[in-house]
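Listed below are the structures to be examined.
In what comes next, chain A is part of two complexes: it sits with chain B in the first one and with chain C in the second one.
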Partner chain A sequence: MLKPSAMVELVWQDETGSTAVTQLNIPSSLTVDEIDANATALASILVPLTGATLIKQRIKYTKAPEPLSPASDSTPITRTGAFFFTTGDDTPDAVIIVPAVKDSILDTTFPRAGYGIDLSNSDVITFADIVTLNGVSNVFGDDCGTLNDAYVQSRV
Partner chain B sequence: MSLVNLPTGQLKIDYRDASGSKGSTIFHFPYATLASVVVTVADILSAALNALTDAAVDGYSITYTKTEDTPATPTAGSRVEEKGNFIWRTSNGRTTKFTIPAIVDSVLNPSGSIDKANALVLALVDAVIAGDFAFASADGSDITALLEAYQSFRRSTKGELPSDR
Partner chain C sequence: MALNTFPEDWREQPCFIVAIPRPLVPYVGGLLKIAEMRGFWASSDDYQRAYSAVVELERCLMSTCLSDLIEQNNALYRLVNTALLGQAYTVVSDDPLVVTPAIAPSVDLTILDQDSLIGRIDRLTQLLDNRLAGTDTPLYSDLPGIKQQLESIIAALGDDSDLATIISDLEAIALLLA
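Up next is the complex of A and B:
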């Protein structure tokens, strides 16, 4: 469930290049287009009140907090799994980083033992299917295709 | 001069490991994707990620960003450290606040309070309270009145200090 309020952030830049943000709450039941219309209209009223200039607008929905569950063991957050999805012949791959990857999804056979992620693992296949079937894309909006490779990266 | 959306929105799923350190997974989706659709996918992805990570999934946020393609030139001498603070009364008797960086001097009283009779301020108040805007407090309560408005200054960060000092 989402928090009852979404956040609108208007980012302003002053003469020195420094930036600051005006944050406003708005019901999360509204669509992005509806919130965008509110933000645009309010920004037009704020512009004469500031010497800074508007450079960016963000609309952010946040999931409501739930009771925190404990992390299952001591795997550090910096041991990540990098999952590479193809997006087409001429478009960049999408890279999805998962922190604290489980030992149970790692390859155990040469030559990828210990660093390669087992692409035939059922949990990995489930994850890849969800990514490819639900409109996830790379940063340019190209849809994710097949999971091409995955391996462990340390992000210390 | 207009705000232009990025090609994609962003879904950020947050984690916490046993030491309390935090991390995240970033997904992108075409900007036109409805937030309600992304929420559904985010819940499914969170469950699937639980099977891949030893960290605990704490929650997620969904962000749609637009950037100004040709920003206007800021006013000479404008500084974002100088804030206009607007404190609003809400329908449940609480307050909510937003700030306007680099507030213009023309709306300030000599004391540093903001002139509530100034035409620009009146236009803002009318728009927030009586207008068609849906802005509210964090708990969803309607904004009903302007309670206080004043100038304040926050400390400059090192990066905001003059380069020729």
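Up next is the complex of A and C:
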């Protein structure tokens, strides 16, 4: 369920490079462009009040399942699956992080047993297909292509 | 935190192989997360170049196990030893891979199969020795050498100097040799 308000974060930086954030709530019924316009207007009004410089503006919509369902098993959140997708010959790979990956998708044969993720697992294949078909990209906006490899990382 | 730069020619620079124990792979991969962040790098260009390199490195952590490389090296050794000297190998088990005989620290030039590369060269050498010089070899010993045959022909010709006589004698010798 989409939360009723979206959050706008205005990131400010002083001359030492330190940063701080102004958080504002705006109805989530507005579009990104509308919220962006409002946030930009608000930021310009704040400029006379602060000696810091605006360096970044974030807009966050939050959606959460309702009601929340309990975890399906005891897999720790720290066991992270890192899925690496190609994006093109000259563009950076994309990495998608999935926490608490299940034993059932891990490789069972040497030398990847328990560490590598089984790329032939049907659930993994479905996930990779959906990522490719739904326009998911790397942080630079390059579309994800083929799932190249995946394994367990500790990112916490 | 210091802002870091990353060279434009990073793809042209040499790479180093580091053996990472399997249980450390998740942690080494996870620790690289810090280098995936924009704030770690001095500029957007540094960030994009470094991000490419870091994520490729992370991907590679599980892609080529050192034991795979060693086994491929061993397989190459066996290919060469079989092709050159004819050593036959047998796969005793696949997982873990056990192949006999084990790779020896050194080998001599003993030919184990005459159909190997060195074996075939040896066969040709024996053939030439036998056919040209008439030398008895392990593979060829039952025919007189060409040199020996020529000497026999010259001896059979005797002192004849007339061309018609020489041709006639050669025809007679050819009939005898046939």
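Keep in mind that, in the parts below, the second predicted complex is superposed on the first by the 146 of 156 C-alpha atoms of A that agree within 3 Å, B and C clash if a C-alpha of one lies under 4 Å from a C-alpha of the other, contacts with A are read in each partner's own complex, and residues count from 1 in each chain.
Basically, a residue touches a chain if its C-beta (ideal position, glycine included) is under 8 Å from a C-beta of that chain, and two chains touch if they have at least 3 such contacts.
Given the structure is predicted, the values throughout are model-derived calculations rather than measurements.
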Now for A:T16: first (chain B), second (chain C), both, or neither, which partner does it touch? first
Taking the superposition on A as described, I'd like to know which of chain B and chain C A:V139 touches: first, second, both or neither. both
Chain B or chain C: which reaches more residues on chain A? B
After superposition on the shared chain, which partner residues are touched by A:T80: those of chain B (first), chain C (second), both, or neither? both
For A:I125 in the superposed arrangement: first (chain B), second (chain C), both or neither? neither
First (chain B), second (chain C), both or neither touched by A:L54: first
Which holds for A:D149: it touches chain B only (first), chain C only (second), both, or neither? second
Across the two complexes, find the residues of chain A that touch chain B and also touch chain C. 80, 94, 139-140, 155
Seen from chain A, its contact residues with chain B in the complex are 2-5, 8, 12-16, 18-27, 30-32, 34-36, 38, 40-42, 45-46, 48-66, 68-78, 80-81, 94, 96-102, 105, 123-124, 126-127, 130-131, 134-141, 155
In their complex, what parts of chain B are in touch with chain A? 3, 7-8, 15-19, 21-31, 33-37, 39, 41-42, 44-45, 48-49, 51-56, 58-68, 71-81, 83-84, 96, 98-104, 107, 120-121, 123-124, 127-128, 131-140, 157, 159-160, 162
Enumerate the contact residues on chain C facing chain A in the complex. 22, 25-27, 29-30, 33, 36, 48, 51-52, 55-56, 58-59, 61-63, 65, 67-68, 95-96
Sites on chain A touched by chain C in the complex: 80, 82, 84, 91-95, 109-112, 115-116, 139-140, 148-149, 151-156
